[in-house]
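In the two assemblies presented below, chain A is common to both, partnered first by chain B and then by chain C.
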Partner chain A sequence: MTRIWWIESRRSTAARLGPALLAMNVLMLLTLPAAAGRTGRWMALTMHQRMSLGMLLPLAVAGGAWQLRRDRRHRVEELLSSTPRPRWQRLAPTAVAMATWAGVAYLVVFGAFAAWGLRTASYYPTDTVVIIAVGVVSLVAATWVGMAIGRALPYLVTAPILAVVLITGLGVMSVLVTPDGDEHTTFPRFLFLSPTPSNVPGDAVTIAGRVDTAQAVWWVCLAATAFALLSVVTRRGAALAVAPLLLGSAVAIPMLPAGRDGGEYRLDRTAMEQVCTEDTPRVCLQRVHAYLLPEMSDWARHALGLLAPLPDPPTTAVEWRYLGPDTNDVQPPDTMLFHLELAPYERPTQSEGALWEALDGAAASNGTCTVFHQHDTVARRLAAALLIGTLPPTDDGLDEQEASLFHETYRRLSVLPHAERIRRVAALRHAVLTCQGDLYQVLTEGVS
Partner chain B sequence: MRWLWLYLRCRNVLPAVTVTVTAIVTTWAMWVTFSDTQVIHPALTALTVALAVIPISATLTGPTDAVERTAAVSWPLRRTAHLLAWAGVVIGLALSTRFTLDWFVSARYTPPELVLRDTAGLLGLTVLGAAVLGAQRAWIAPLTWSLVSVVLAVTPTPGRPRPSYQQVVMWTTSSARPAVVTAVTLTAVGLAVHALRGPRADQSLHP
Partner chain C sequence: MVRVVNAGEIAPSRSAWAVAAERIRVRAGRHLAVDGLDLTLDNGVHGLLGPNGAGKTTLMRALATVIRPVGGRLELLGQPASHGGDLRRVRRDLGYLPQQFGCYPRFTLREFVEYMAWLKQMPKAEIPGAVQRAVDRVDLTEHADRKLKTFSGGMLRRAGIAQAIVNDPRLLLLDEPTVGLDVEQRVTFRALLRELGTDSCVVVSTHLVEDVVAACTNVVLIDHGHLVWQGTPEQLADEETPDGIGDSPAERGYSSLLRERRGQAVTR
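Coming up: the complex of A and B.
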C-alpha cells in the first residue's frame, strides 16, 4: 500500500497538484490585502491562510477531477473494471496521495510564513492549530470531491469548468456574507460552513469553538461522501454514499450561530488585554499588537505633545478595541483613543501615517457618543492637519467628494492665525467629548 | 476553400468557437438584464475575455498531429493565422457590443484597450502553455492566472496602490505599466514560440 502510495505520489496529478497549491498559497498570502501576518500578527496570518482557501479549494477540486480522467485518457476503463480487486482498494492509494500532498503544501506554506513572523509576534493563540486543521480537512475533502466529480464526468472540460464555477460561486457567497452597511442584515447560517472567513473585525478575535466544530464535522462528512462516491459501483451504493453528508449537515448546521455579520467570531480576551509602557505618558496597545509598542509609543507621545496646548489635554493614549458589533470601548476624557490601522504591506508605525491615526483618534469620540454627522470624518482629519501643520500623505478613507471638501476647507482654515486654529480644534474636541454639535460646523464656524 | 473547411473540421473549431461566442454573449446578456449600469465591470470583462480565449486550446492540435507535421505546407504561417483569426473573433465580438448601445439600453465591454491587451496576452499564454505542457493542458496557465487576477481585482485594498510585482500578477485586470509590459511580453513570446515550434507533441499512446 505504501509502495503504491509513493508511486502514485510521483506519477499521478498529486505530483503537480502539491506544487501548484503551494505556489498559489504563497501568492495569496503575499497579495491579499492586510496580509500582514508575517509582521507578527499570528491570528491575522491564520485568517489569511484560511482566506486563501477561496483560491485553493477550486484548484484542488479541479486537480482531483483532472486525475480521474487518466483512465479514460488511456482507454483502460474497461480493462480495469474487469479486474476482481475492489474499486476502493485500487483508488485509495491515489486518493490518499492526492490528499497528502494537498495537505502538506498547505501546512508547509503556513509554517514558512509563521516562522517569518515568529521573531516579532507578541501573542501566540493556540486556536491557530484548530483553525488550520479545519482548513486542511476542507482541502482534503475538496480534492476528493473533485475526484468524485471527475469519475462521473471524465471529460477534458470538467476541470476548467469546475474551477471557474467554484471561484465565481465562492465569490458570490462571500458577497452574500459581506455587510451592506446595515448590521441587521441576516443570511442563511449554513454559509458559515464556508472555510473562508469574511470581514474579520480586527486582530483580537478568533473563530468561535462551535463554528470550528461544525465546520470540522461537515467537511469530514463531505470527504467521507466523496470517497464513498469514488469507490461505489452500484446505484444503491451511490445512494448510500450520500448518507454521511446528510448526517453531517443535520449535525453541523444547527450548531452554527445565526447568520449575521461577524457571527462566526469570538472575542479573544487574552489578545485584547492592554499592554502599557512603564513610563509616562502612558501608551497602551492590545497584547496582539504589543510588539509595536516601542515604535508606536513614540508616535502616540508626539500626538499627545501636539494636543498639549488644548485645554484639559489628554494624558494617556490607548488603542481602540473591538468589543462586539453593538458595544463601544468607553474611555475617560483624559485618554486619547486611537485606531491602529495596520497598513497592508509594511510595518505601519514606520510611516508618518501612525501620527495621523493617533491624532484622528484624539478628535474621535471616547466611546460615549453614538451620534454622528455627515462630515465627521472630514472634520477629524482637518483637526489633525491643523495640529500637524501639513496635509496628510494620502486621502485614504475619504471618498472623492469628502476629499475635495477636505482640501478646500483646509486651504481656508490654514491661513488663520495659530491661536485661532488651536481655539477651533479645542472647540471641536469639546464638542466630541460632550457629544454636542456637528463637528464640521464647529470647526469651520464663520469661515465657510 | 476546401482545405480550410477540412482544417476547421479536423481541429474541432466549430464547438470551440461556440463556447467562445457563448461566453461573450452570456456575460453581456446577464449584465444587460441584472445591472443598472451600461459599462461592464473591467474585472468581468477580463474574466469573459479569458473564457473566450481559452477554448482555442482545444483546437491547437488535431487527431493526426504527427502526420500533419510532415506535410509540405508552411505551418508557422497557418498557426499564426489561426491565432490571429481567434483574436479577431474575440476582440470583434466583445467590442461590437458598443454598437448595441445605439439600439437599446444595453451594455458594453470596457475598457477597449483592456479587451485588446487581454486577448493578445492570454492567447500568447495559452499557446505557450501548449508548447510547454501540450495542448491538452494549455488551458491551465491562462485560466489560473486570470482567475487569480480577477479575484485580486475585486478584493478591496485599503489605501495605497499595489506594488509592481502585484501589478504583474493581476495583469489581466490592471492598466499599470508592469501589467502592460507583462501582456506584451506574453504576446510576443507566445506568438514566436507558437509559430516556430507549435504545441508539444502528445506523448501518450492515445491522445
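Coming up: the complex of A and C.
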C-alpha cells in the first residue's frame, strides 16, 4: 500500500491540493496580521494559522470532491469494479495521500513562520502543539468529507460550488459567534466546533482544553464518517457510516462551554506573568511580550517622565492584561497601566504609537468604573497630546466626529499655559482613578 | 506470513469449465441483452462474434463480474457468479479489457499496471516483475515510464491489454482488443493471444472475423442475446452457403449462420 500511496501522492489531486493549500495558507498569514508570528508571538501565530482554516477548509473540501470525479471522468469505474480489492482498501491510499499533503502543507507553513519568530519569542506555550494538531485533523476531515461528497455528486460544478458555499458558511458562522460585539450575547454552543477561532482577546489566552478535546473528538469522528461514506457499497452501510459523527456530536457538544463571545478561551496564567525591568522606574510586561521589554521600557519611561509633573504621579508602568470578559485589570494610583497595542502588528518602537498608547492608558479607566461617558476616548487622547505637546500621528481609534472634536478642543487647550494644562490633566487622572466625573468635561471645564 | 485459509478457498472447483453459463439472462439497463444463453468455455482462445447489439459487451461485462445476471446460473472458474458467490476469488484470477478502456492519464504506464496488479491483490513481491513482463508482452517496454496521457489510441489499447494480463489470469476477457492497432500490432497481438490461450481461457469479443480465424481456437456466435452457433474457425468456414456475404469463407460462413438464424426466428 505504501507504494500505491506514493503513486497517488504524485499523480492524484493531492499533488495539486497540497501546493494550493500551502500557497493559500502563506497568503492568509501574510494578509492577516501575520507579523504576529514574525515578532515572536507564538499563540498569536497559532491563532492566525487556525483562522486561515476559514479559507483552507473549503479548499480542502473542494479538492477532495475534485479527486473523486477522477474515476468517472476517465471511465475507469467499470475496470475497477472487476477487481477483487475491497473499495475501502482501494480508496485508502488516495485518502491518505490527500490527507498527507493537506497536513504537510499546513504544518510546513506554520513551521516556516514559527522558525521566523523563534529567535525573538519570549514564551513558547505548549498548547500551540494541540491547537495546530486539531487544525490538521480538521483539514484532513475536510478533505475526506469533500471526497465523500464528490463520490455522491461526481460533477464538474461540485467542487467550485462547495468551495463558495463553505467559505460563505464559515464566514456566517464566525459572524454568529460574534453577533454584535456584545460579549453577553449568546449563541448555540455547537458553533465552537468550528476550528476557526473567533475574536482572540489577547496574546495571553489559549483555547480551553475541553474545547480542544471536543473539537478533536468531533473532527476525528467526522473524518471517520466521511471515510466510511467513501467506502460503503450498500445503503445499510451508508446509514451506519453516520454513526461515528452522531457519536462524536453526542460526546463533543456537551463538553463545549456556553456559547458566548470568547467562551472558547481560557487565560494562560504563565503567559500573563509580569516580567519587569530590574532598574527603575520599573516597567513590566506580560511574559508573552517580554521580548519587547528593552525597547518598550524606553517609551514607558518617557511616558512616566511626562506624567511626573502631576501630583502623586505613577512611578511604575505595567502592561494592561486581559482578565476575561467580565473582569478588568485594576490600575493602582502609583501605576501607569498601559495597553501594549501591537495592532496593526508593528513593533511598538516603529512609531510613536507606543508612547501614545502608554499615556492613553494612563488616563484610562482604573478598571473598577462602571459608568462611562460619550467622549472619554477623546479626553484621553487630548490628555496624551497635552503632555507630549504635539498632535498624534494618526486619528486611529476615533470616528470622524470624535476626530473633529479632538482637533477643535486641542486647538483651544494647547494655547493654555503649561501649568494650566498640567492641572487639567491631573484633574482628569484623578477622575479616572476615582471613577468620578465626565473626563471630557473635567479636561475642558471653562474652555469649551 | 501465515494466512488463515477458509474452507471455501481450498474446496475443489464445482465445474471443470472456466465459464459455465446455463440459461443466463443479463440486463443492459432496462433491456434484456442476454436472454437464456447457454455457454461453456474451457482453456483456449474463444472468439465472441456477433453483430452490433447482439449482446456481446453485456455478456463480457457479466463474465467480468461487473454486472450480475438477473436469471440463470453462471459459474466462473468453478465459482458461482450469478448470485451469492464470492466474487473476490474469481476476480483475483480475472483479466478484463473493457470496450471503453479508461485509465488515469497522469499515471505512467508502469504505475497504472502496478496499480491494477495491486487491485488484483497480487502478492507484493511479485508485482514489479509481473508489471515488467506484462509491459514487455505488449511491446511497450520503451514507453513504460511515460505518462498515459501521451499515448496514442493504439498504445492505450496495448496498455489496457497489459493491465489485463498482469496477474496471469485464468480467465481473460478482451472486449474489442484490436481497435486502434495497426496491422503489425494486430499480428503480434494474435501471437500473444495464442500464447495466452495455452493455459487459460481467453474470450475475445470482436466483430472482425479475420481476427477470430487467425487467433482463436473456438468461435462463439451470438445474436439477440442467444447462442447461435459454437465451433472451430474451420467449422465456421464450412458453414458457408451461396447466399453468404464476405471476403473469406469464414466471413461468408458467419453471415450465412446469421441469416439462417434470423430466418428461423421469422418462421417461428
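Just so we're on the same page, the second predicted complex is superposed on the first by the 441 of 448 C-alpha atoms of A that agree within 3 Å, B and C clash if a C-alpha of one lies under 4 Å from a C-alpha of the other, contacts with A are read in each partner's own complex, and residues count from 1 in each chain.
Everything that follows uses one rule, which is that a contact is a pair of C-beta atoms (placed from the backbone, for glycine too) under 8 Å apart; a residue touches a chain by one contact, two chains touch by 3 or more.
What you see is a predicted model; the values in this text were computed from it and never measured.
Asker: Chain A superposed: clash or fit between chain B and chain C?
Answerer: fit
Asker: With both complexes overlaid on chain A, does A:Arg119 touch chain B (first), chain C (second), both or neither?
Answerer: neither
Asker: Regarding the shared-chain residue A:Ile7, is it in contact with chain B (first), chain C (second), both, or neither?
Answerer: In the superposed model, A:Ile7 contacts chain C only, not chain B.
Asker: Spot which of chain B and chain C makes contact with more residues of chain A, would you?
Answerer: After superposing on chain A, more of chain A is contacted by B.
Asker: Contacts for A:Arg269 in the overlay, against chain B (first) and chain C (second): which applies, first, second, both or neither?
Answerer: Neither: A:Arg269 stays clear of chain B and chain C.
Asker: By the touch definition at the top of the document, which applies to A:Arg90: first (chain B), second (chain C), both, or neither?
Answerer: Only chain C is touched by A:Arg90; chain B is not.
Asker: For A:Gly171, is the partner it touches chain B (first), chain C (second), both, or none of the two (neither)?
Answerer: In the superposition, A:Gly171 contacts chain B only.
Asker: On the A-aligned overlay, A:Arg75 touches which partner chain: chain B = first, chain C = second, or both, or neither?
Answerer: both
Asker: Is A:Arg236 in contact with chain B, with chain C, with both, or with neither (first, second, both, neither)?
Answerer: In the superposed model, A:Arg236 contacts neither chain B nor chain C.
Asker: With the two complexes overlaid on chain A, what is the closest approach of chain B to chain C, counting only CA atoms, in Å?
Answerer: The answer is 6 Å, the least C-alpha separation in the overlay.
Asker: Across the two complexes, what residues of chain A are contacted by chain B and by chain C?
Answerer: Touching chain B in the first complex and chain C in the second, residues 74-75 of chain A appear in both lists.
Asker: Spell out the part of chain A that touches chain B in their complex, as residue ranges.
Answerer: 20, 24, 27, 30-34, 54-55, 58-59, 73-75, 156, 160, 163-164, 167, 171, 341, 343-345, 394, 396-397
Asker: So in the complex, which bits of chain A are touching chain C?
Answerer: 1, 3-4, 7, 11-12, 70, 74-85, 90
Asker: Provide the residue numbers of chain C that touch chain A in the complex, in ascending order.
Answerer: 61, 64-66, 87-92, 94, 96, 98, 100-107, 111, 114-116, 118-121, 163
Asker: What does chain B use to touch chain A in their complex?
Answerer: The contact residues of chain B facing chain A are 51, 54, 58, 136, 139, 143-144, 147-148, 150-152, 154-160, 162-163, 166, 169-170, 204-206.
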